[in-house]
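Here's the structure, in structure tokens; my notes come after.
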Amino acid sequence: MTRISTGVAGLDEMLGGGFLANKIILVRGGPGTGKTIFSLQFIAEGAKKGEKGIYLTLEEPIESVRTAAANLGFDLEDLEKKKVLKLIDGSQLVYKFSDESKTNYNVPKPVISQIANQIMIEAECLGAKRLAVDPITSAIIHQRFPTDKRLEILELMKSLRKIKCTSLITSESASPSEDEFFVEEYLADGVIILAQTLHNFVITKTVRVEKMRGTRHDDQPRKYEIGDKGLIVYNTEPVIV
Amino acid sequence: MTRISTGVAGLDEMLGGGFLANKIILVRGGPGTGKTIFSLQFIAEGAKKGEKGIYLTLEEPIESVRTAAANLGFDLEDLEKKKVLKLIDGSQLVYKFSDESKTNYNVPKPVISQIANQIMIEAECLGAKRLAVDPITSAIIHQRFPTDKRLEILELMKSLRKIKCTSLITSESASPSEDEFFVEEYLADGVIILAQTLHNFVITKTVRVEKMRGTRHDDQPRKYEIGDKGLIVYNTEPVIV
Amino acid sequence: MTRISTGVAGLDEMLGGGFLANKIILVRGGPGTGKTIFSLQFIAEGAKKGEKGIYLTLEEPIESVRTAAANLGFDLEDLEKKKVLKLIDGSQLVYKFSDESKTNYNVPKPVISQIANQIMIEAECLGAKRLAVDPITSAIIHQRFPTDKRLEILELMKSLRKIKCTSLITSESASPSEDEFFVEEYLADGVIILAQTLHNFVITKTVRVEKMRGTRHDDQPRKYEIGDKGLIVYNTEPVIV
Amino acid sequence: MTRISTGVAGLDEMLGGGFLANKIILVRGGPGTGKTIFSLQFIAEGAKKGEKGIYLTLEEPIESVRTAAANLGFDLEDLEKKKVLKLIDGSQLVYKFSDESKTNYNVPKPVISQIANQIMIEAECLGAKRLAVDPITSAIIHQRFPTDKRLEILELMKSLRKIKCTSLITSESASPSEDEFFVEEYLADGVIILAQTLHNFVITKTVRVEKMRGTRHDDQPRKYEIGDKGLIVYNTEPVIV
Amino acid sequence: MTRISTGVAGLDEMLGGGFLANKIILVRGGPGTGKTIFSLQFIAEGAKKGEKGIYLTLEEPIESVRTAAANLGFDLEDLEKKKVLKLIDGSQLVYKFSDESKTNYNVPKPVISQIANQIMIEAECLGAKRLAVDPITSAIIHQRFPTDKRLEILELMKSLRKIKCTSLITSESASPSEDEFFVEEYLADGVIILAQTLHNFVITKTVRVEKMRGTRHDDQPRKYEIGDKGLIVYNTEPVIV
Amino acid sequence: MTRISTGVAGLDEMLGGGFLANKIILVRGGPGTGKTIFSLQFIAEGAKKGEKGIYLTLEEPIESVRTAAANLGFDLEDLEKKKVLKLIDGSQLVYKFSDESKTNYNVPKPVISQIANQIMIEAECLGAKRLAVDPITSAIIHQRFPTDKRLEILELMKSLRKIKCTSLITSESASPSEDEFFVEEYLADGVIILAQTLHNFVITKTVRVEKMRGTRHDDQPRKYEIGDKGLIVYNTEPVIV
């Protein structure tokens, strides 16, 4: 089984060497947990090894993504020029839904299909081996009912299953209440949880591999920090509180 | 009463020798608790003893199931050739619902009936003694209302009652809130709960036999691990936290 | 006031000698708490004393009920032949609703009325003194709204009020959240709660008499076990944790 | 201000001498807290002093009420003969709603108005000084929405305001969740809470005067027991747990 | 900035001298926290200083208000004769809604507008400097949806903004669950919370100034008691539990 | 990257020098946490340095805002005269919705668009570098469903993205329950949480930088106070409880 390095120091060890190739991994976490930084590390790690990648941003404008990458020492523009990276700007998607919902409440919106098609075409053109979708949340905000949110996600996941990429999808969700059901988590091959726990007025950041099909992994929560080079996972020590 | 070994080391002892023959057992657990591995151990244990089995996968593609089985030392393809195992691929079912729901909101979908019919026919053809449905969750995602989810499950359970198999059904659900009602748990003859408890940044895995009609059993939670050979239950010691 | 022995060792003492004759008692508990075993002990205790009984099973097939009874040392078939017991099989009821709900969403279903009528006729024919309905839950699964569930239960309770039996009804419900309202508990003359408490990975089983109109009772929770002879209540000692 | 003794040993002291005359008092408590016994003590206390009373039972059949009273040493039949007590049987009301709801979902039901009218007429005829409605819960079970439940209660309370009685109304409700609103509690002049607290497998019964307009009162919870003579409140000692 | 004494001993100090003139203050608390007594102290304090006041009662009948005031040593009738106080009786409002809701579900009810108009006219006639509305809760009970409740309150607040009074509004609400939103609290210039905390079977009463625009204040909870003269706040000591 | 001082003593240090220019920052907090004071400090800090600003008040009347500013030592009228500040009064907006909702339930209301347009025009005219919207909450109160609330906020955020300002938006929301989703928090570039924690009858105020895209920051909660000069953050010491 081919292993795909995550780009996050300390995380590959937790996974037994990295992600399995061609799987879909979901990274779930609340605001400020570093999901975008994780996505960038994942794509940049591939670029460093010559693995072509696609980065679809659904929230931050593409310029902010470039700046965030530069802060971490990654020159995305250079990678784009070298044709090892394709940035797709979906940051206006969330506002687009807003316009449509106002004028038309009933017609199913094919926006997800369009995005999904574009990803598939670009991935084939480029010969991409890595894909990041950051975050999937923007694609479902405009839907009123949980079932419709799920259908949107099902649609996107079905498309991602058709391309030969290791895909990393982020999702902005706090840890769910007991009776909630996350279809994205259910459909993904692997799930990584980024958590911030507030206890006694102190924040602790932990990463946990909740699910990783087809491989054994460290299933304990581990502390992480967000530093100059991005996320660093401390996987050999217990989380001290 | 005929006893059917679960295939999980340490679990038969908790059940007084295994499942009772021809019963329906539900295995409930959240992501990463090893439900697919459990299902594979159950089917492989039968094959080892010459008991024919059917494995219906409703989530993972059939190739992933074969790989996961190989990781545990089970050669499913070989078993299929020897006609002691029939794999049914329902992994696209969840995406199929997605398509239908978009074009047609009101017509009842007979998909469950089709699957149920196929299971009954295959079970009779093969002379199956064991059946695994992994997981039932995919069959209800597309339904909007709890009552409709329940009717789908009722439909499937009614069919399973008609065949002479010991059936193991998995369900991806975290532990329910107090006012929730799981019809699959209610209708099954036995219920096994796989839980992951996060306390002080440490994960503990426990298995508990919640219900097992017609036989006495150990009703205390027991620790388990997922190792190279699948789930191992430590049934002679208390769970230490 | 005539006292009716419960058949459960240790419980009569908590009730001051048993149930009051001709009352309706609800036994509520989650899966695996022994509600069916309790019902069987109640009916068998009557049969032992020559009090005729009716056992309506709404969940387990009648054969499973006979097997479960045999496990406890009760030969139901023999009791049926001696005309001291009548078993009514309503185990397919829950699947019947499923069929109807698919084809017809709006018409009120008179199934409960039919069952209620049958109970009344059989009770009169037999001259029954004891009645067990196990569990009432199956009669309400198919209803979408709490108010409709309540109306179904009201209907059944109204019928039970008309016959001269001591009735024991079981209900599969975990302990309710604070704002929930159980109409079956409200309408019954007595309520017994079977609880399983999971604390520090240990399960403790307790029985509590929540309500018992017209008689004083021990209102403290007491530990119980499910053994070879059925439920045994330890009523003279505090529950130790 | 005229004081009306509650009939419950120890409670008058908490209230500074009893209820204020002509007020409406709500007694709220879950199953098994002794609401009916409290109501009977309240009415019997009046009868002892020659204050005429009306007892409207909306849940227990009138015969059960007589038996329960006899258990406490009160001979209701005798009081009825002496024309100091009028029992009104509304115990079938809850089943009546059930019939109507099945055949007619939309028409507002005037049943509460009828009951309210009957109370007003009987109270005037008898010259009643005390009124017990036990419990108000039956009057609202059949309503689907909280607002409709509230309108039913408003209707009844408006009628009670028109008669010159001290009225005691019971309500079967566990302690409310934080965002719930009890209109009966809001409209009553006084509210008494009967609570059963389950802690470490031990039940503790406490009574608390939550609200009592126009008079000062002990606002601390006090322990009570249900004995041969009915409720006894231990108002001079702290609740020990 | 003109300061308006609250009339509650110890509370002015917490507020830096009293309320700011012409502001709207909300006093929120559950049953039995003394909201009516607070309102009376506020109005009576004004009367003592020659500041004219209006008291709108939306729950207790006007006679009960007079009695409650007399208990505190305030002779409202005398103040009315001297034309320093105007009592408006809205205590039947809540029952009025009840009638209308039964016959007419759909038409917006202009009752709040009428009340609001009456307040504005009376305030101008009298030259009122203080206004008490006790409690606003009655004005929203009949509304089915949170948004409609909010619109009613918005309507009333808009009117109160137009008159030159310091207004005190009470609201019967327990402390909100985390996702609830109180529009009356949002729109008011100041919010005071009266709380009763039940811990270990002991009730503790505390008052807290949650918000007070335009002035600094003690933001810590302080213990209070309800005595012969009304509420007394102990603002110089910590709350001991 | 240009840094924009927050105007709050101690907060710039937590952010590595202030906000990043042209970003949208959300400040979330319950009643009494000082959101308006924060907004004023932010605008006044700019004015002091010659950076022009716009202050849109959606809750407090403009005169109250001027008074609150004067209390902090800021003379807004003078700044307006000098053309470094433009105050926009949207305080009647919330009441306006109230009127419209009563007469017209179905037509989408274009009020947000109008406000958004006005902001864009004024910002361009003035050459504003700072913008405060205090609070966004008023713009969504009148909407019935979460999705519609989100669409309103999306609309406003889209407009703010088009102007070259550092924008500070306040939001009156207590900390969310686990399954809630704040779209304003999701769309903002940075999120600052102002919290009041009530523990053992003591209130503790803390500020936490939950998210701040494109820059590293102190992610721990820090204590703050509201004093004569506005908010002061104690960022070098742990919060002691």
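Order of writing sets the chain letters: A, B, C, D, E and F. Residues in each chain are counted from 1.
In this text, contacts are C-beta pairs under 8 Å (C-beta built on N, C-alpha and C of every residue); 3 or more make two chains touch, one makes a residue touch a chain.
Bear in mind that the values here come from a model prediction, so they are computed numbers and not experimental data.
In summary, no chain was found to touch both chain A and chain F. Hopping across touching chains, the smallest step count from chain A to chain E is 2. The minimum number of touch steps separating chain C from chain F is 3.
As for how the two copies chain B and chain C face one another, under half of their interface residue numbers coincide. Compared with chain A, the chain whose C-alpha mean position is the greatest distance off is D.
When the CA atoms of chain B are superposed on chain D, the rotation angle comes to 120 degrees (nearest 5).
Put simply, the C-alpha centre of chain D and that of chain F have 51 angstrom between them.
Rounded to whole angstrom units, the spacing between the C-alpha centres of chain B and chain E is 59.
Residues of chain D in contact with two or more other chains: 176-177. If you sketch which chains touch which, the chains form one closed loop in which each chain touches exactly two neighbours. Listing the chains around the ring, anchored at chain A and oriented toward chain B, produces A, B, C, D, E, F. Across the interface of their complex, chain E is touched by residues 31-32, 36, 59-60, 64, 67-68, 71, 94-95, 97-98, 101-102, 137, 141-144, 172-177, 180, 196, 198, 200-203, 205, 226-228 of chain F.
The residues of chain B lying in touch with chain C in their complex are 1, 108, 145, 147, 150-151, 154-155, 157-158, 176-179, 181, 183, 185-187, 189, 191, 197, 204, 206, 208-216, 219-221, 238-239, 241.
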